[in-house]
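The block underneath contains the structure these notes are about, expressed in structure tokens.
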Amino acid sequence: MSKFTLTNGKTIVKPFNKIWIIVACVALLLYLFSRFIPFDPTFIKLDQLKVILEKMFTPKGNRTWNDYFMYIPKSLMRPLQETINMSFAGTIIGSLIAVPLAVLSAKNIVKTKFIYIPARFLMNLFRTIPAMILALIAVFFVGTGILSGIIAITLFTFGIMSKMLYEVIETIDMNPVEALESTGATKVESLRYAVMPQVLPMFVSYLIYIFEINVRASTILGYVGAGGIGTVIKDNILYNYDRVGASVLLMLVVILFVQMLSSFIRSKLQ
Amino acid sequence: MIKFVDVSKTYPNGVKALRGVNLEVKDGEFVGIIGLSGAGKSTLLRSINKMISITSGKLYIDDIEISSIRGKELRMLRRSIGMIFQSFNLVKRMSVYNNVLTGRVAYHPTFKTVFGLFPKEDKLMALESLDTMGILEKAFTRADQLSGGQQQRVALARALTQKPKLILADEPVASLDPITTVQVMDDFARINRDFGITVIANMHHVDLALKYATRIIGIKDGEVVFDGKSKEITDEKLVQIYGRSLRHDEVLGE
Amino acid sequence: MRAAELALKRKPKRWVINLVFVGATVAAMVYSFAGSTINWTRVRTIGISLRVMMEGFADLQWDFFFGTGIFRFEEGVIYLTLVTLAVAFIGTFMGAVLAIPFGFLASHNIVGKRVARIGEAILVIIRVFPEIVLALILLKGFGMNALTGVMTIGIHSIGMLGKLFAEAIDNMDKSPLEALDAVGANAWQKIRYGIIPQVAADVSSITLYRLDINVRSATVLGIIGAGGLGASLILAADSWSWNILGTILLAIVIMVLTVDAISSYLRGKLV
């Protein structure tokens, strides 16, 4: 805060800028949180990063470059297929079961607090838990393999999709719903003919977007036993870095491809 | 003093915006530039502070030929010339005071201005300019809270804070309503009179240009077709500049 | 009536296309499951698993939660949650700071189309590089601790933040930059007075949103040893100690919901 006096005697006070409170808060949080992070320069071995990158992206020992790259079609196609399969199945099932919950969470469709508040709570609960932890739990129930991957992706999709979908439903034009209800349509009929046509394009667009997210997430779920490429990475992380490197390269290509395909299809849908 | 010697401007797409313009503007004049849209008014105005570079000819400002200057020298030139835009060009999320203070950035080293370290006299200069424009009490509100007329006054205060010899105004009132238009034009007249600052303004409304400017320059297809006192403008001269009689929207009417 | 019948015939047969789509999707779904090796014994015993889980959840370990009793505070869930939050917060901050130059580099308005394409390509690569793999690499350089988590989140966040920052810069009002040119400002001064004030709110909002995501990531990164809750989580999961797992899950849910709520409150204030 400071006061200015102009030559003609007028005065004006510059108010305190609130930005400094924010800066102070962020600085304080950074300081407090930094106490939880061990920082000892003697333990940092940046040269090791170069070593591991070299190990990942060059053939190991007496393997040739041919071995390095042929590993992809020979041993990674099956895990890749698992990864894609579980993303696909999980995305579809998760999205479908998200529909009823999204409808129940929408304030403009369900007018009773007693329904939409618990529905939203359920939705948020699934959204909080990372896919990896869902997979970990699923492995407990159905054992290692792709089924636990599907379950994890399903629940994960369910969380995101119900949230995105209910936000769309809440912003639709309510006039057609009113018009249908005035013709004596039931709730279900008005959902089918007044709500669904408005929501469907967004639903399909989200479906593709979530599939993209899921491919990215599912590549790694195998790390906790849910099948796919992640399993290969976990199995080789101790001794065969070149196998890990080859898997990573494949993952990069697949994810990039799915991402491009997804944004292409979504741009066509608009 | 500003002097155009045979100035031409051809855009990369082949459009010839200025063709062999010769002009001299003396210190303290209030010049209104009129003409059809696309006639080259804006190009003429913007070539003076080199927001647009001319393709041939010579342009002198106080006997310095500006077509070859660049970098720091160019910035030094620009800091001595205020510029007003049709859409005010303020940072809307920043306070009025900070917007006005940006008129001083070219006077100080980068590292000081980046940390907001302006000398006390600069801060006072900014506030004095706002006071001159009658909006001192708005100094510490965000620019987007102000009306259009007030925002254009902030822009004028920013220009004044540069301590310029010259203010260029590119359609300064085109986005304002008729009443604010008159107020803002009065401000221009006052600045011209009280501070002796040369004003060169592009004007869409011919009657406003005739009322406020002491000298009119009429442009048609990149050429100066009229240059004289506002009193000398006649209907025939206007037809010559516009190639037709004036349309309804080209006069403000009072 | 005839006109109406004709019109009805002309109505496009959308159901054929729809049927093909649905059919193809169902076939792909069946195929997805067909290849999977399902452990039927495990599936059949889901009921038992569920009971075990519920029993565990009913027996949450409060000493472990608070780090009291036989547990040191540094072993408790609260402490580990704070570590996880620290990893997410410092990592996000680091990512945001590093993403700013990348945002400029990928902005068509600032550096031009050609350079922006290169900037965008770098950001895409950072974005698609799986976080856990990045963590596995960084682990070798920074050790099995929270520092690795911070570095992973810091680097990985650049990908999305840089892209969104570039969009914010490209969408802002360019006219103040023209005015700054006219007062004789140089490039740094234009950034400071023309760009930063305009994008600061958006950039903060994007960063807060990323913090939401990173809190979840920080939990997962612990699984491979990058600090925080994850390590205890995977230990408990390996031995299926649901009482411990439940305690940790409770902390995760509370932590994520709290950060979500704070972040969306602050984002609402920023508009």
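Should a chain be cited, it is by its letter among A, B and C, assigned in written order, with residues numbered from 1 in that chain.
To be clear about the criterion, contacts are C-beta pairs under 8 Å (C-beta built on N, C-alpha and C of every residue); 3 or more make two chains touch, one makes a residue touch a chain.
All figures in this text were calculated on a predicted structure; none of them were measured in a lab.
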Under the touch definition above, the chains in contact with both subunit A and subunit C are B
Between B-C and A-B, more C-beta pairs in contact link B-C
For the pair subunit A and subunit C, the C-alpha centroid-to-centroid distance in angstrom is 6
Dist(centroid_CA(subunit B), centroid_CA(subunit C)) in Å evaluates to 49
So, in whole Å, the Cα centroid of subunit A is separated from that of subunit B by 52
As the complex stands, subunit B meets subunit A at residues 97, 123-124, 127-128, 131, 136-137, 139-140
Seen from subunit B, its contact residues with subunit C in the complex are 49, 51, 74-79, 81-83, 85, 87-94, 98, 102-103, 105-106, 110, 113-114, 155, 158, 162
The answer for subunit C against subunit A in the complex is residues 25, 28-29, 31-33, 35-39, 41-43, 46, 49-50, 53, 82-83, 85-87, 89-90, 93, 124-125, 128-133, 136-138, 140-143, 145-147, 150, 216-217, 219-220, 223-224, 227, 233-234, 237, 240, 249, 252-253, 256-257, 260
Listed in rising order, the residues of subunit A that touch subunit B in the complex are 4, 6-8, 10, 12, 14-15
Note: in the complex, subunit A contacts subunit C through residues 26, 29-30, 33-39, 43-46, 48-49, 51-53, 56, 81-82, 85-86, 88-89, 92-93, 124-125, 128-130, 132-133, 136-137, 139-147, 150, 216, 219-220, 223-224, 227, 233, 237, 244, 248, 251-252, 255-256, 259
